[in-house]
Amino acid sequence: MWRDAVLVAGKDLRIELRSRVALWQVVPFAVLVLVLFGFALGPGRAALRTAAPGLYWLAVLFSTILVTQRSFAIESGEGTRDGLRLAGIDPAGVFLGKAAAVAAQLVAVQVVLGAGIVILFDVRFDAVWLALVASVLATLGLAAAGVLYGALSSGLRVRETLLPLLVLPIVAPVLIAGSRAWSAAITGAVASGASWLKILGPFAAVYVAMGVVLYGPLQETA
Amino acid sequence: MWRDAVLVAGKDLRIELRSRVALWQVVPFAVLVLVLFGFALGPGRAALRTAAPGLYWLAVLFSTILVTQRSFAIESGEGTRDGLRLAGIDPAGVFLGKAAAVAAQLVAVQVVLGAGIVILFDVRFDAVWLALVASVLATLGLAAAGVLYGALSSGLRVRETLLPLLVLPIVAPVLIAGSRAWSAAITGAVASGASWLKILGPFAAVYVAMGVVLYGPLQETA
Amino acid sequence: MASAVHLRSAVALAGRFPALSGVDLSVAPGEVVAVLGPNGAGKTSLLRACAGLLPVTSGEAVVLGCDLRADRAAVRRRVGLLGHDASLYDELTAGENVRFAVRAAGMPATRVDAALDRLGLVGRLRRTPAGRLSAGQRRRAALAVLVARSPELWLLDEPHAGLDASARSLLDGLVMEAAEAGAAVLLSSHEPNLTVPLADHVVSMAGGRVTEVARGPRRPVLSSVTGEGSASVA
Amino acid sequence: MASAVHLRSAVALAGRFPALSGVDLSVAPGEVVAVLGPNGAGKTSLLRACAGLLPVTSGEAVVLGCDLRADRAAVRRRVGLLGHDASLYDELTAGENVRFAVRAAGMPATRVDAALDRLGLVGRLRRTPAGRLSAGQRRRAALAVLVARSPELWLLDEPHAGLDASARSLLDGLVMEAAEAGAAVLLSSHEPNLTVPLADHVVSMAGGRVTEVARGPRRPVLSSVTGEGSASVA
Amino acid sequence: MTARLTRWTGLAALVTTALTVWLGLWVTPPAKVQGTLVRLLYIHPPVAWVALYCAFGLAALSSVLYLWRRTRSLFWDRLGAAAVEVGVVFTALTLVTGSLWGRPTWGVWWTWTARLTSTALLLVLFLGYMALRRVPASPEVRARRCAVAAIVAFVDVPIVSFSVDWWQTLHQRGTVLNPGLTLKVHGSMAWTMGLGFLAMTLVFVWMVLVRYRLEVLADRVGDEELEVSLSERWAETGGVPSPPAAVQAPELWGGRR
């Protein structure tokens, strides 16, 4: 399983390195979303600053969708999907590999986005470690949930539209817990912030576990 | 040109009727985005109510991306794209037809979204006609800009990620003018609201005109 | 009469690769030309260039009287291309696909049914979305589009591939008819025994250039040869 | 020895359509079976069902000792399928595609280069992303994947289509070798004159069923026939 | 058999619902604080309860049973689909009754509190399930896809339940299902509420039965179509002797109906 996961993640990341989609398209997109939020909410610095964590995580959510879509666009042809199924790779390995590749790209996105809110919204962290831990847990959860649903809609011609519909509500808890944890990290309310990690942690654990178990039957169908 | 436009719009809408993507996927997605915004911004009724127009238009923007992606997913295969170019259809006709189909779907999305913000954000309009005029103009502009950029990214394997990146910044003026016009429609500040229509109108006109002129060269490249 | 296709030292780029590296070729209206050559020779690129889909960057390239380097769009509506992958909308049925193409070309919709019948797309096959057809059925549908549009230049990329014996002899008939009606036909193939009997000229390509032009069997002699060819396939 | 493929009244659905409507077929290890039949007969569906990609909903279906109706996943890693469209990652080069498949199967990467050389994918072709290869080059790359994995059951869907003469004789050699090494080969085709000489049995399909089984020329006699076949193609 | 069961459940649902309405509207007293509005108490919590636990619980359970190889059968798929559809209706009703209740008590139709939002998300999640179900595919493929979607979506249910505890909010906290399982509502109100739960559960069971039967009928139509297309397919062979007997009664439409 682990060997397969490494193999799949390697392939996905190599394709990413070659096409540079995450770097040149998803990262700018995420920043753009942040800026648009700024526009939509109008001026008012203070309001923006309090909204910043929520907006950050919304931008991360939308980026997750793009990264996941891209991850499955790689196998969009019927041929490639068949190929992956015939390759003799453990489905759990495919899941873990794809999720790892997505997570790696999300980390890159978040580094830029984090810098973005610090610069654009004038945000300053009181407890950086809290924000970091929250991000790591959230990234795992987002990647796992995204890939799980990506597989669900991968074979379909309607995947562009179906995937956001399926993924967004599922990752809403990440949005909430993530933004609250970041708010806490900004204000320094470490105790209350840490309690949100108790949602992010189990969320990630549940979806990774579900992916490992359910990816097999899913690949079957695609 | 018009005959071709009708033909292309008919084809796109027929495929939509057959797959019901807009109805079953984009409309719920739009509502979902609205709910997520509410969630991300936390309680605080008054703040939400003032933010409502901005959130509405953000949701419309994201839906535009989905509808446009879907519109070009129809011609995603290399064969179909060649086919459309070889069909002898006036490029301007292709543009107008695709834009009309996108606009029709956006109208459906907006009807539901409008009901959504009235119920969820407790919004009440003082000058409904203003909101309606703003919507019509904005829809035209969004559809035109979306289709124009959709064509740009249609041939590429990275269209899932490239399209949002290209379209979102371009339609930012719609976001701003639309939200300000709706804010005015809510508070009843008709005069200031009408001035925003002076942005939406030319925006739509410019992009429709650009589409008619530029679609030919664009199709060339794809 | 002017030639339907006239290329002189034509260079065409696929991406940044010179898929055609100086092609000389002339096809007169009413002529059938078979293009042979190993994988990667540039056959597909040649046909796509003639269809105005691949930019010709140097040399002369005139197709149906239009200069490809000046205005590719004008050529496109007048040629018909059967590519490696059929250009069909997967969600629409074969009938709807053909109807769309016919109406796009501004032709009367009456041609649709005849074309579908001709290609044997009847009954269930006419009602099934093209995405669910078998490989050969898809190629038949793509051919039906060509038949219905009856272009002035037919560009057929390995047209026999995927077709069964009956469809092959049907195809041969279509090519002959088109040529007799004055259309030019350019077809690529890896099966000389199927295509050479159809051809007025046989062109060999390699490395993006035409290496050899031979005279094919003349068409009057053909009908018997075609019969024999399709019989050996059945 | 147990048969590699054993189907009894097997019904398989593609979507909701009974693409296979009761197939009886047995292929022993070391045997080459050619499947012929008109467009829509169910050849592709038969191969995909044997690969465990299409659900068999009734009848018996045992492939390589695994019951397809119970566990399709177990079969998949042991068969190799060359489908109508090559299963390649467009962004990766032919070499990287083959390497991925080989490592996924848990085999040593040393097989990669040999397979690519064998299929004539050398020089520039090895460094070009698969999405930019010509149709025939893509099929060669897909074949290289099979060669490198050397599965126990080869499922070749119209393998000759798109290949040039040299690749065709290469393919014939590969099929013979695989059979001699004990693998079973099931190949569909519209070109009896190319495939029948390879086959131990020739199966005709129509309407999703096997309508006729004939004995093909025995392999010992073959080598000369193959030579002749490829000569006539060149 | 199922027809009779359906009829009787329908009847029982009708009677209990009528009884709840009667008790709720005329017999029980208006409450001190909320006045007459309290009568929504007999509808809203039961509806919410049915949506969350009965409907989506059943959907998740049957999805697990479908995916588990030993119990795999299209029965579970149909049951799950029926449960989801009814659950979506009940979730929508929860939102509607909640909003109706919220307008007078909180002064607004909607607040962005955790329970309300997560309930809304739940609705969208299962709308996504229904969108997925509409995507054309063979029954097995669709069943598998939808089963996974239902299980994944079910994760939101505990979030809805615990949302009031995790995010202290406006919404009522465990009135009935509080951790100590002590009733905080008294007398006739408690009885009426209990009856409301029973009534809604019966309505739920009845609707699921009806939906299930519709699914079966649709599948039967599908099977008949399949048999037709199978014989059409045989006809394609043109004059080949009729198919072997074993094929004429394939197990798919014999065994799993």
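Assorted remarks:
First chain written, first letter: the chains are A, B, C, D and E, and each begins at residue 1.
The working rule: contacts are C-beta pairs under 8 Å (C-beta built on N, C-alpha and C of every residue); 3 or more make two chains touch, one makes a residue touch a chain.
Everything numeric in this text was worked out from a predicted model, so none of it was measured.
Chain centres here are means of the Cα atoms, and by that rule the chain farthest away from subunit A is C.
This structure's chain pair with the greatest number of C-beta contacts is A-B. Averaging C-alpha coordinates per chain places the centre of subunit D 47 Å away from that of subunit E. Distance from the subunit A centre to the subunit E centre is 31 Å, each centre being the mean of its Cα atoms. Per-chain CA centroids place subunit A at a distance of 25 Å from subunit B.
Computed centre separation for the pair subunit C/subunit E is 56 angstrom, with centres defined by C-alpha atoms. Shown for subunit C are the residues that touch two or more other chains, namely 85, 90-91. In subunit B, the positions touching at least two other chains are 19, 25, 28, 32, 39, 41-42, 157.
In subunit E, 117, 121, 124, 127-128, 131, 137, 140-141, 229 are the positions where the chain touches two or more neighbouring chains simultaneously. Subunit D meets subunit E in the complex at residues 8-9, 11, 13-18, 21-22, 24, 40, 55, 57-59, 206-209, 211. By the touch criterion given at the top, residues 48, 51, 53, 72-73, 76-81, 83, 85-92, 96, 100-101, 103-106, 129, 142, 145 of subunit C touch subunit B in their complex. Contacts from subunit A toward subunit B in the complex involve residues 19, 21, 25-26, 28-29, 32-33, 35-37, 39-42, 47, 51, 54-55, 57-58, 61-62, 66, 69-70, 73, 157-158, 160-162, 164-165, 168-169, 172, 175-176, 179.
For subunit D in complex with subunit C, the residues that touch the partner chain are 14-15, 17, 37-40, 44, 84-85, 125, 132-137, 140, 158, 161-168, 190-193, 232-233.
Taken in their complex, subunit A has these residues touching subunit D: 3-4, 7, 11, 14-15, 18-19, 74-75, 77-83, 85-89, 91, 216, 220.
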